[in-house]
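Okay, handing you the structure first.
The letters A, B, C and D name the chains in turn, as written, and every chain counts its residues from 1.
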């Protein structure tokens, strides 16, 4: 427990995400935490992983310096390929992408995601929209969801299905015509969750320092909980070193900001 | 001799972007976003435009806030670094400054809609969006049965924009253009659109372009007008010329939260500006110097010799 | 460190081209036709191959005459400069040396079949071949009604070749490749195929390739094997390296008119040859010198700097 | 008549083809005679014409030296674009191509072309096939057919429709689903022919030195003939100069070969 309190929640989430990437995987890299998860995976777990960026960039190495958007100039330096969006989207549609990362404003118990429009009382709040999220949810072999864990974001039923998870469970994906995929895990600010064969979200592990009740209280639906709940493995020294070297100012992780505790 | 297509941005917008036009912009995604054209469109007070592009970053937000837009066909409208964009939200949620119709695409379906236009077919099939609410609400996405297999597919209807406005790193005066970096859906947008306006960082001799015909991803015969305007994409980056102005995006986020704030911003950075040269002088030499690329990284040439 | 994929042509064919495989070759059209691979396939006496490619020039003729082929999916099989190719005719007309099934595509429908494979969809629509006998006789072309408009269209079923064998000008040891010139359907063939074998004129350091990622049209993660074999495409040209051996095509036409003549030709130029190096020594230094490019024409570099 | 007997039939045909290209046209250039017709048109009639080659090359200027196939290395020198076949085929499918040239082993009275398989007595002779011909016939705004004029090549009904003309006449193209195009003219070794509104081949002009009867005798179907038959305009000095400068050895035109009279 030497590193306890020495890491930020976002760093823990990055580590959890990176550990889901296997060597040789073709990864659809999103911005923010998944970007750093890809860097971490490349350096520690999956040296031969390939990263696809939806603007048309393919990388076999992390970008030489931190980027704020995937279109930032350092993201082209040393790239394997730079070109059209359809080139990378075609690999996704072919089924060659092992892992894609998604976030959203709302997730429901079946792993459906909403990043389009949410209700706030009588009002509707317009969010930016799908981007490539719906495509990744439809076409990647495996989807990892990264979310802030709050009661009004972990909801019974999403207001709008931007990115289909398991629909309303069972054989829903197949009957909708989706050939593969679905969410494999949710990495939230409170724990890691996976899905039952019926497509229902369940607890895999809870982050250090939290109780099962606290997690359930922050969730808008019943979370199946094993009798003995595992604790999420905290970041190792090696993992933290890689993360902090890549984002020294803590722009994405906040690790060296004054405000602690996310 | 082929005739030069060089005209000013003012003239290009006046001639080709009309009230009610559908315009493909921001087709490169996060790089090479053609802000200078957006600002000129705002200054010429165009109305009822339909904006087309997968991801707009702030460009769509500015045009929507200025009241130029009645419809948006896009996959994502916001501030890529900061999240929400306030003018877009206000237009959708409160019809301020006017109501807009938002038609939601995913990135792939937008790419395929333009690819269908480029290929000259009425639609292209995809496996994406099945089971999603995009499929339910976007009338240009239609579920159908594959004619060659026992599968459900989605037909993405072709989009043929009236105009595409595309920044390029270099081209000749007739519009044969070299461009590189992340291209997003720009090449298909150029092919699909009825009118193509290029905005070039550099105008170069035809011989330079034809030294590498594999890089001439947009060909002159597709192009109606060429505008020569360096730094036309600030605050977004142009590979090989200038980097992203990161602080602009967080400042814009703060400075345009309320409608009044946005109107002030618009007065200062668009209505109060004559043209791109004037804009660059307001930006200031120090800022320009800080964004300019510091270190060249030239491609190793290839040989077309015979 | 990524692992090198360099192996010999002999090994590549032995490992990846099996009896019954479907193989995309000649995808560049008239340039960069991979004769060295065809000859190695003949030497290894592969049977029942399905050959896939829009236009084959003489490569398909040689493989058909050698008895390696049971099916051809193509738009044009012949001698581009001289017209008919005799082994192809003998196989179709007289089943010599064996019967082959010919499935006729047009260039566009072959391009779309591979593009469909590359895009991961079961088919792509086209406006071509309506009213033709190609549409009637090729079962992979199917008329259907557009789901988005009141139009007849043709669905071109995806082709997913077992193997694509593609010459490239230069690549690194893991198969990140720069290629230029007329590319035909090669890029889609690389994406659509289950196995990709690259045959490189030059193996270069990864840094040279990544100096121009826009030219890396085939990416290493798609590639199973890299063969280093200069002049692998003789007698067809490779832009920047060697020109077309025009007299070869008229001589082959004369020398392979009868079955006996063809067998003599095969003995001399394929069975009597050990490998590409041996072939080049038979070709002779003078010929090689006459075909080598005389005058470089280097592309003007572009800047990826930051 | 100063140049009479000073030109070859193929040169006359090249001139006739070149004269069909208008300035600014986008031309789908085939090999052999159409290649030289494009060169001639660029230099004399249509300086702003653009040539598309189906291997993926686009040229706004003729190649600097003679080529034997469109993939020959000189065809890339000074090209406007070199890349994928689908790039040029897409322009064709969009309807941007003004003129495409076609040949074939057989043509019938409705301008249907066969380059796939012909009957010879009881035998079937296999030809190379469509290449891009079917696409050009389906998709170009206007098709020009260039053929050797012989009785067994100008036939009542082609053995196989490789490249659809007007089918069996009338509204056939429309009912087949073809949106545009069709053959505008046939330039043969004996004359120039166009098509009636019903899609039937008719005489426009006959090459110098031939009679209407000679042309009809070489044709396997009845050719509607006007009362007064025009004579094809022979090549001008300027036209011949351009042709011979581009193909000085007469490889495609045979102009300086010893054997005369095609």
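A few notes on this one:
Assume contacts are C-beta pairs under 8 Å (C-beta built on N, C-alpha and C of every residue); 3 or more make two chains touch, one makes a residue touch a chain.
Keep in mind that what you see is a predicted model, and the values were worked out from it rather than measured.
Between the chain pairs B-D and A-B, more C-beta pairs are in contact across A-B. The mean-CA centres of chain B and chain C are about 37 angstrom from one another, to the nearest whole unit. Note: centroid distance chain B to chain D, computed from Cα atoms, is 41 Å. Work out the mean CA point of chain A and of chain D, and you get 59 Å between them.
Measuring from the averaged C-alpha position of chain A to that of chain B gives a distance of 28 Å. Residues of chain B found to touch two or more other chains are 120-121, 126-127, 151, 153, 180-181, 214, 239, 243, 293, 297, 304-306. The residues of chain D that reach two or more other chains are 57, 73, 76-77, 82-83, 86, 92-93, 139, listed in rising order.
A list of each chain pair in contact follows: A-B, A-C, B-C, B-D, C-D.
Within the complex formed with chain B, the residues of chain C that make contact are 120-127, 140, 142, 144, 146-149, 151, 153, 155, 157, 169, 178, 180-181, 208, 211-212, 214-215, 239-241, 243, 293-306. Chain A makes touch with chain B in their complex at residues 31, 53-57, 68-73, 75-77, 82-86, 89, 92-93, 116, 123-135, 137-139, 160-164, 167, 172-173, 176-179. Residue ranges of chain C in contact with chain D, taken from their complex: 28-32, 54-55, 57, 74-78, 80-81, 83-85, 88-89, 92-93, 102, 104-109, 111-112, 115, 126-134, 143, 151-153, 180-188, 236-237, 239, 243-244, 246, 249, 293, 297.
Interface residues of chain D, counted against chain B in their complex, comprise 26, 47-48, 50, 57-58, 60, 73-74, 76-83, 86, 90-95, 139. Within the complex formed with chain D, the residues of chain B that make contact are 1-2, 118-121, 176, 191, 210, 213-214, 216-217, 219-221, 304-306.
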